[in-house]
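Chain lettering (A, B, C and D) follows the sequence in which the chains are written, and residue indices restart at 1 in each chain.
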């Protein structure tokens, strides 16, 4: 039991936080919690969640990917341009995935080959990918996709993909050799290298995966909004990092869970939507979300001292 | 598990702590009004919250809500101006049981489908300030179409350049390259520029909604193109930024600046002659009219193709499904002090 | 004194080639008035980059500076504007500096005493401060900055534009601080080996706190010389500056993991990144090129970063 | 002082004022009384007392985990004891403050080099207590002058303006000593100062200690190298399990007696006689070169053979080991394992072909400290135990148990973090990591560095056993007795080249050193 609690401590804290939130929301505005409202709102967060999965893994390795928003834009534009030229949507989606994967691969390649700090690499590629998306699309919106595509992808398919990806990522992380290696890399990359763990390969594929996930998010967005533009991923990177860190993943690597990240995303999402639902002042949201992040980490470091510094 | 306690406290404090500040806005609109009968829930969405142009529109809207008395007005919008965030808000308002949603549409492509969905669920949708596609709203409170704006800007520049054949290089400083409205205006501007073959558009530069950037870009443009005669600053930060650049370069009157902005933002440039004329409508009136139209639509009292709409501020012309605000005001040195918004 | 490391040379080279190419294409580029404008353009970023350099050499990061600049500009505007505060010059100047210092201290306290990783703490502050700015301005911008405030940004003292003068001063003080004072060397020591610093009894917490406070203070200085360059203080002021400043510092060769880097390199980084945009305009490529501007910027940054990978790698292995 | 009960430390701290003045007899420089410290209820120190006279070199020995480093940290002010007092030159020492310890004249040179690699020697010596002009500006000239004076006093030359990362390990060690001497130091605590030094440098260091002694500086000399203890110390204190076993004058001390005292039992002296009959060539290196590190290195190791690789620190031994293991790029030459070319194929190819490396830096390169013993033991072998990449928990558990039993790892359980283990046991885990793979060629880089005597013997017997089982072992070591004892033959490197080879019969410390030092130096001496 103790071990169990130790293992899922962060998730437990987040669940309680979520419960506290639900209680507050219930008192202030019960309509917010109705299935209809929640059902509509939850669609808004699927893309963020899909991207957060691989980025969580990257952060556990001690890395970071600030270019996911830009990769999403790039993939979305690739999808749009392909669809515009009459490509059937599944093929256009493949184009998007390829674009996203390539963007991720470049990150992975530079990070693992040139061994430059991922913060720097992805800061630079963020600029480059956004620029590329703007350039090839001339910054114009592209809309009007296949209605069949919209109803299929924007509806159940995305839920299914997310559920599958989350379960897969969680299992992979906890039950496979490579998944466990992710933690070793985050805790002591040098020792991992000395232990014949293929650090470079794992990193390469994680960044590639992040690019691909950004592309999945891009396709989902295209289906949901029926339009794409070079700026749709703007700011996504910081939202993702906020949620992941709130979800208990250590920004310095070595610690984190998929479940925690999903809970983190859910909490940020619910709080944001509720503040906007109940008080209808967007500027308050900035303060609430930023404050939540800071408070959660202050609480974590103040009360989790022993486990963290041991 | 000790972390639970502070976490809980933090959450509770955060949510509860925001309480008092919020109630002000929510009730401000309806206070003091006779509470006869049902109140209509009207949501007013700007392109971006926290921008003076929209803030003054909102003031007009609140005046209207007070005067009409049966309106529960909520003014909210994304502070970062992202269409995606606007779409989320609209979706939420539908769920909250809005009667009327009035939208200044930042991106018809993104918001169009959302608005259609809202209408499917029985919410009345009107647009104001910037229109969405025709089938996604009932009426458009029209202060100017993109075409009018685009043509107007180019014509104003042509007039200021003077002569039968206005001559010279001009450049545009826009918001972001991806900004839908500005891009639409630019399409019409380029179209109109064909009328003036000797006016040559040399560059379009983004200012990323950053006044400093708009300032620097304008300054660089003047130096890179020494013969530059005019700059269009087509966002609320690009205009003052460009004007400031011209002023500091000592080229007031030699390089002309035109754009859309509230008189308050441009007052000093108009007074010192850097900017000859600022084109804008009365924003408070726009907000006021929007709420009036919203009430009429909610009551079912106004349908497209009516001959006119009777506003508290006089009769407004209608053109199909557009309610026309009336002619834009040209702010000049002589009249700008009469306006404060 | 010490030879310039490869990164500084690389960035300097890219800068030189860029300037040369643009100058050949458009001789107006290096005219005195443009050089002067470029310097004014660089000034606020050079000021903030000095602060950021210390923070990053310590192995920390501050990504709240964009929003901090926004809030400080809003404060300056509301205090100075006759229709709001209408306060005198010194009130405004010291108010902004003090507020900047205080905000920097908050960051520092979060990092040092609450032990929140700096990237996360300042990420939170980035969001919070932007919200506070919106609340402070409540949808209206300050459009009536009084002339004595505007003078800070557009005035000239002794033939040198005020922002440039202030930036030179800040740079000179920073370089002195970095290389000639105990505090500066301790910054390098702590960033180089935090464990050893603790074991040796260096005042790690105080040094870090001071660095964050300095970052806040310098953000205040930057705002004082940059916001008055313009007539309007808007709520979005400073958006994105944090990434720009961090990019300048990193491109200038400061190791993101701390311990290494020089202010000279950082200044080259600031110059390179500030010049790119202007250079593209002077190349007169027309409006279609605008769409590729960001991509070109990204590729140039990437080139500068990748440029010294060989030397960085060799060094890393020697240290390993 | 009453025995402490775990968990009552907070209360006790409140009751017993720390560092209250205690009378120190005038002939004593340092007097430690009743020092206790517990971590999570486990006693690291229990009622430890220690006395050092002015100008005395006092040896401190004990197995890893005996409490030496805790004692040192308390003296340095980095750790606050639960109870006890320290008197320094007649005054009570304010415990728990680095500054107070420095002010009292206690300087510590740590085993793990705590150097600032990006700063130069002068800055390293003075950072934290800089000499200033006008209160704020550094007086570099004076600091430089004083640093070079210290180096002169030590009789060594170290570049002053070069960042430490460009200096050799030994030079960094000298900088650390210079730093200690530059303070008004009356008690110099040296924690394993020779662990990473070559013999020649050890001589310099020991001479330095002798000189300090004549200047009236006391030295607390902590080392696993008992020969050094016997040679330079005036008296020796032995710690075991956090308690002082005995303190004795060094004149009456022999190596064997110290061992008995430290370990608490007799250790059979190793008689490494029967050289294994060498089998086929497993590891072969042909003309290996890496720019700036080593060149033209050729040798081969046969199955069942232990080949020593000797030389000074910085001679390129570690670099050769790393290159064979695929960590660093090889610029010329070939590495063959079992006849297969694995040159520049990376770590994975090297491991797949049967090469294993026990790295010199256990804590940073060998182990992931926060992870469990089991995770560390299986870190390299996991892939083999897994089914299509999926972890098989039962198989892992079995394998982990088997390995830890075989290696006699002392740990509360396989699930505790490896960080909590003693140095010797940590080292066993590093070796165990590779045993799980049944390596054909085992490269060991300083396998017993910082390992206590008992564990050292265990590691030695493990190495010989592995060789007997048919592994080819390449042993890199600066510990000459160890090298001589274990190796079937010894290759000596000097400045990146193999300068000679010694067969078991002809190998001696003198012969080895003759090959290890620079040619010109050899010619002079």
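The rule is simple: contacts are C-beta pairs under 8 Å (C-beta built on N, C-alpha and C of every residue); 3 or more make two chains touch, one makes a residue touch a chain.
On a predicted model such as this, the values are computed, not experimentally measured, just so you know.
By label order, what chains touch chain A and chain B together?
C
Tell me which chain's centre, taken as the mean of its C-alpha atoms, is farthest from chain D.
The chain lying farthest from chain D is B.
What is the distance, in whole Å, between the centres of chain C and chain D, each centre taken as the mean of its C-alpha atoms?
44
Need the CA-centroid distance for the pair chain B / chain D, whole Å please.
A distance of 71 Å separates the two centres.
Taking the mean of the CA coordinates per chain, how far is chain A from chain C in Å?
Distance between chain centres: 29 Å.
Can you list the chain D residues in contact with two or more other chains?
Not one residue of chain D touches more than one other chain, so the list is empty.
Among the residues of chain A, which are close enough to touch at least two other chains?
Each of 134, 139, 190, 283-284, 286, 288, 291, 302 in chain A touches at least two other chains.
Could you list which residues of chain C touch at least two other chains?
In chain C, 130-131, 134, 291, 293 touch at least two other chains.
With touch defined as at the top, which chains are paired up in contact here?
A-B, A-C, A-D, B-C, C-D
Sort out for me which residues of chain C touch chain A in the complex.
Interface residues on the chain C side: 110, 114-117, 119-121, 123-132, 134-135, 243, 246-247, 250, 256-257, 291-299, 301-302, 305-306, 309, 312-313, 316, 320.
Please name which positions on chain B make contact with chain A in the complex.
Checking each residue of chain B against chain A gives 1-4, 6-8, 10-12, 14-16, 18, 21-22, 25-26, 49-50, 74, 76-80, 82, 84-85, 87-89, 91-92, 95-96, 107, 109-110, 113-114, 176-178, 180, 183.
Inside the complex, what are the residues of chain A that reach chain D?
For this pair, the touching residues of chain A are 175-178, 180-181, 183-184, 187-188, 190-198, 254, 310.
What does chain D use to touch chain A in their complex?
327, 347-348, 350-351, 357, 359, 364-371, 375, 379-380, 382-383, 386, 389-391, 417, 419, 433
What part of chain D is in contact with chain C in the complex they form?
Residues 76-78, 97-99, 102, 110, 114-119, 123, 127-128, 130, 132, 136-138, 140, 161, 165-166, 328 of chain D touch chain C in their complex.
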